[in-house]
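Okay, structure first, notes after.
For clarity, chains are labelled A, B, C, D and E in written order, and residue numbers in each chain start from 1.
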Amino acid sequence: MTGWLGPQEWQAVALSLKVSFWATLLALPLGVLAAYALSRWTFPGRNLLNGLVHLPLILPPVVTGYLLLITFGPQAPAGQFLEWIGLPVAFRWTGAALAAAVMAFPLMVRAIRLSLDAVDPKLEEAASTLGASPIRVFITITLPLIAPGIVAGGILAFAKAMGEFGATITFVSNIPGETRTLPTAVYTFLQVPGGEGSAVRLVIISIIIAMAALLLSEWVSRRLADRVRGA
Amino acid sequence: MTGWLGPQEWQAVALSLKVSFWATLLALPLGVLAAYALSRWTFPGRNLLNGLVHLPLILPPVVTGYLLLITFGPQAPAGQFLEWIGLPVAFRWTGAALAAAVMAFPLMVRAIRLSLDAVDPKLEEAASTLGASPIRVFITITLPLIAPGIVAGGILAFAKAMGEFGATITFVSNIPGETRTLPTAVYTFLQVPGGEGSAVRLVIISIIIAMAALLLSEWVSRRLADRVRGA
Amino acid sequence: MLTVSITHQLGDFSLDAAFEAPAGISVLFGRSGSGKTSIINSISGIIHPDRARITLGDRVLIDTSRAINIPIHRRRIGYIFQEGRLFPHMDVAQNLAYGARHARGAAVVPEARIVEMLGLGAMLKRRPRDLSGGEKQRVAIGRALLAAPDLLLADEPLAALDGPRKAEILPYFERLRDELAVPVLYVSHAVGEVARLATSVIAIEDGSVVRQGPAEEVLADASVTPTGIRAAGAVLRARVVAHHADGLTELVAGGIPLHLPRIEQALGTELRVRISAQDIILSRQQPEGLSALNILPGQVRNVRAGQGPGAMVTLDTAAGPLLVRITQRSAASLNIAEGVSCFAIVKSVSIAPEDIG
Amino acid sequence: MLTVSITHQLGDFSLDAAFEAPAGISVLFGRSGSGKTSIINSISGIIHPDRARITLGDRVLIDTSRAINIPIHRRRIGYIFQEGRLFPHMDVAQNLAYGARHARGAAVVPEARIVEMLGLGAMLKRRPRDLSGGEKQRVAIGRALLAAPDLLLADEPLAALDGPRKAEILPYFERLRDELAVPVLYVSHAVGEVARLATSVIAIEDGSVVRQGPAEEVLADASVTPTGIRAAGAVLRARVVAHHADGLTELVAGGIPLHLPRIEQALGTELRVRISAQDIILSRQQPEGLSALNILPGQVRNVRAGQGPGAMVTLDTAAGPLLVRITQRSAASLNIAEGVSCFAIVKSVSIAPEDIG
Amino acid sequence: EDVTIFAAASLQNVLGEILNESELDARTVYAGSSALARQIAAGAPADIFISANESWMTALIDDENVNITEQVNLASNALVVVGRGAVVSLDDLGEHLAGERIAMALVDAVPAGIYAKAAMLDLGMWDSIAPFVVETDNVRSALSLVATGAVPFAITYVTDVQADPRVSVLTHLPTGSHPPIRYPVARLTDSPGARAVFEALSEPDAQAIFAAHGFLPPR
């Protein structure tokens, strides 16, 4: 181990960043869609969707990971489909991103929904009268107005993804350089006598990264909220 | 095991409900306070508070549990103080509630903050001009207007508390009838080959409970949002 | 041509209105809470009425009996809301551009012209919350106009504006009325505005249309409740014949000369001049030595005594029928009765600038 | 007595205003964007001005030089906002009660009376979003009044209301002015309102006070820009002397009788009657056989020719000075010049209800 | 690195050392035995599986989707009672533990806990200590409860105690008081690399390292 962090540890940091980034990116559009559907539409199965979205929050992470494993594992049809389209997730970092995205999803959807519920439908109506189609209204009015919620949801998802452990290790295991994210590495160190020192170092790193993301999001969110507030 | 669920399992269900309920109740006022401070005040240490609030989201749950243990354990001053005031938390269900509250806290604060940021300060000004002191403005105007966010945050916290495992078992262990919550019971079953069947039963129970809470909150939240929307 | 027929229940309030709005400006006139905004909302598609059939030209906007309901954004309707509804995340220029961006035809008026007319030049880069109440409303007007709609709905668009600014914007609505085929449905409480702008007037009471027709007729009808006595008046059609050196413009209405402060209109222009019933003095003999320049001889068609001290006299003159409100005491002392001849005295300046157009 | 002195920068806009508002209603008068709302916001404490000293009676509300700044809720100021600001989560009754709940003194007027006066009875259980634009504003007025403030700020409170409703609410502001010591700072664009309500007038232009003084003086000054020529007029003080059977009320102003449609005021009441400069006709000889009932003899104090075709004549009568706007052509043909005697002819009904009070 | 070893997390140090010494090139994946076994059953790309839990190995052997070609026990382990005080004799243990909290891994699920309970039952102490048992998700958590002073005692593997100066072994539990604690290893693929690793683990060099870490010979 050279320097403050060894190469394996740096690897875990880099991997966690990559996984969290992609998890957030994956969850964002779906999160916006789900939040919009839940907030604005009434359709059969609305409650079911709502429940599904929240499931990862309710279930112990290990259970979520287990469910992911039997859904997206190499033997499962969904897993084989993903493999066939060239995006295998089983025991890959892509799977870690998927797990993190799933775990972060309810947080993100909630955040976006709250923003959505606060958008004054009168402004959307006004845009409609100006000839904007529903999709344009969404893009030009709704989306900018919920931007603070999206940023908040995004950062929440990112932070959650940085800390996600149970589902990840259960779904994609703990493969160095592929699926050994920061929390998994922390766990690994804690399992052996004398590993606490390394664990603490990694915990500090995660805190620094997540705080930086948090401050950034805080700043972006304030600026956006400022733009959006008051007519 | 008699009936579909054995007595021990029922015990876990009842305990989880109790723990989640108190966790939510504990986190709510603090969550509102923290959200308000973060959203409305500027003070030194604001970023620190923000970071602290989010820490449980970022850290692997086991680490949070460990930090709780060294802060509130029987040897730690904070733990001894709580014991002294007659509210011991170490290896008690109260500790499980504390762990769940801590884990759920960031979710709750985020939800409430989003609502707060959406409140039109013009309404608060109007209440001030009518002679309401800041505290009355908060109680009579701000609080009702953020009620949807509080409900959303509360249910998020409750759901999270129902599923919390890592921090809980690390902090307060797994004492049947005292700290063996549903997720711990599920974890136990998952550790042994062939235990999936029992785990599934418990998972279904948690899903049903959380979904009921979710639907309820959905309904309350809609009604509140409805009340609050549009002037 | 806009035809509207709506039945709708809002809580305790029932809306049951049917009317037609020809090209030009149709003013919806009625007390607070009488249902004007609800009607406008139904036409725009924001309210989905219980039962309705609304057509604009040959397009059916909604016909509940045939389950036709064109979505808001395809109705091609410009809506100036009672409360602005500017987009808070866009600056003024972007708010204006939003209308133009989705415009379904060439802009009726170029943007630069609208910016200038509404006095928005200095605030293009500001956000709505940094605007005063009146400024917001001006931006809202500009935004709706730039959308080049087939029908313009205006819900008290000028209520928040000061007199001079109103006076500046009113001519634009007149241009809309006179130069373009775009019908305008215009909600207003202000009699001056109504008189000046309205091609036709639709009076609403408690959710129902109590009176509709050409502006001249409805406004001349003292019984139209929302208008009320003070707003009664006649509208004359007059033609500009001379601009005098002393600043007066001479018009002729049915052969009778009228003098008004300079009107910037070309000779030969046909104008509508409103003369409020209460601004006329009657005299039995030809008046002399008065500062009033406009004297119209006529014959009393009828005298209706109202409740209270007043009486409404309809006087047939060569320029058209005039409504004159006098006291019953004067009517008695001057012996004013059906058939008698008398003179209507109108101060030139009592024809308010808003009432000419 | 309210004394105000504010310097404040808002983007490009600088506010630099100082004025005093005595008991009664002081009207802030100025064009859209001139800074009226910003002044009111500074007084209420919503804006914290760069530099300011504002005192109300013997209380200092803010003095930036001495770092005094009373928080909003202790300023005891009632504010009727330009945009209502009703609490969306409360129904109308609760909105009204909110003011009363924190009231710092006995209610000026009992709630039931305010509900009746503002016509809110039918909507007490409704939420703000189920109200029409005018209804919202009425609730906002009631809410501010129920808070029993030491100073009432009213930002265009009647702009969204129809004529009859305005006419119903105006008397209440008059009662406030006449019966209570509560000073009112009232923003309005409407000359009629200003004339009727104002004890004093503060004219604002581009963030500065351009003219302030008693209403009679400022309104009689044709040069006050925001008012403009059309709004010029004189305010007379008159006393009710008789209610005649034919529905007319007789008043006396400086010994001269004036006839107006029935005014529901006790005999002996002192009233202010505004006579707009453009509603008067001048005659050199005593007019006869006219439907106009009010004729005031007087002597021309001066004649000022404006730009344009008009001239403003100040006529001294026993009732007080009158402002009369006539055309220069008439002035010439009637030989109206300083010192000549002539008669002012005023139709009884041309004194609008809003201008009496 | 064409060989992937799925190994129980508690074997991390010892396995790392063995691979180092023998200069074998392998990728190691550490997690709880149950998680690894499930993943292997779901098709995880493991060549070698070392379990800390015999029953999961048995479950994999019975799983028809999993093809285990060779299986052998690598080492065994023993239980100790740890605490922060002085050594006590087994006879005095019951008295010593009386009324105090004692931490162990989940007694119905995690091997260390299952064995600990079995031992206590065998020694006739279970009934008296049961109300004071503090169960943790794994054996390392039980150890850290003692290390932080949250509980005075824990039952762990003898191999766990080594590196933490804050805890000491109070007494060794007799190996006969519980079923043998075995670390079975299985070979799941047939590659030469997998064979080499599988063989090397049973070589005396590897066994010496196991012993150095406190493990006992396979039983």
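Everything that follows uses one rule, which is that a contact is a pair of C-beta atoms (placed from the backbone, for glycine too) under 8 Å apart; a residue touches a chain by one contact, two chains touch by 3 or more.
Which chain is which protein? Per UniProt: A, B = Molybdenum transport system permease; C, D = Molybdenum import ATP-binding protein ModC.
In this text, all values refer to a predicted model and were calculated from it rather than measured experimentally.
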Ordered by label, the neighbours common to chain D and chain E are B
Taking each chain's C-alpha mean as its centre, the one farthest from chain A: D
Compute the centre of every chain as the mean of its C-alpha atoms, then state which one is farthest from the centre of chain B. C
Tell me the chain pair with the top count of C-beta pairs in contact. C-D
If you average the Cα atoms of chain A and of chain D to get two centres, how far apart are those centres in Å? 60
Please report how many Å separate the Cα centroid of chain A from that of chain B, as a whole number. 20
Distance in whole angstrom between the CA centres of chain B and chain E is 35
Measuring from the mean C-alpha position of chain B to the mean C-alpha position of chain D, what distance in angstrom results? 57
Among the residues of chain D, which are close enough to touch at least two other chains? 83
Per-residue multi-chain contacts in chain E, two or more chains: 144
Which chain A residues sit where two or more other chains touch them? 62, 66, 122, 187, 190, 229-230
Could you run through all the chain pairs that touch each other? A-B, A-C, A-E, B-D, B-E, C-D
Chain A-touching residues of chain C, taken from the complex the two chains share: 44-46, 71-79, 81, 83-89, 98-99, 102-104, 127-129, 136, 143-144, 147
Residues of chain E touching chain B in the complex: 32, 34, 37, 55-56, 58-59, 101, 103, 106, 108-110, 133-137, 141, 144-145, 148-151
Report the residues of chain A in contact with chain B in the complex, numbered from low to high. 47, 50-51, 54-55, 57-63, 66, 106-107, 110-111, 113-115, 117-118, 120-122, 148-149, 152, 156, 159-160, 162-163, 165-166, 183, 186-187, 190, 199, 203, 206-207, 210-211, 214-215, 218, 225, 229-230
Chain A partner contacts - residues on chain E that touch it in the complex: 4, 6, 9-10, 12-13, 27-31, 35-36, 38-39, 42-45, 65, 138, 140, 144, 159-164
Mind pulling up the chain A residues that touch chain E in the complex? 62, 66, 69-70, 73-76, 90-91, 169-170, 173-176, 187-188, 190-195
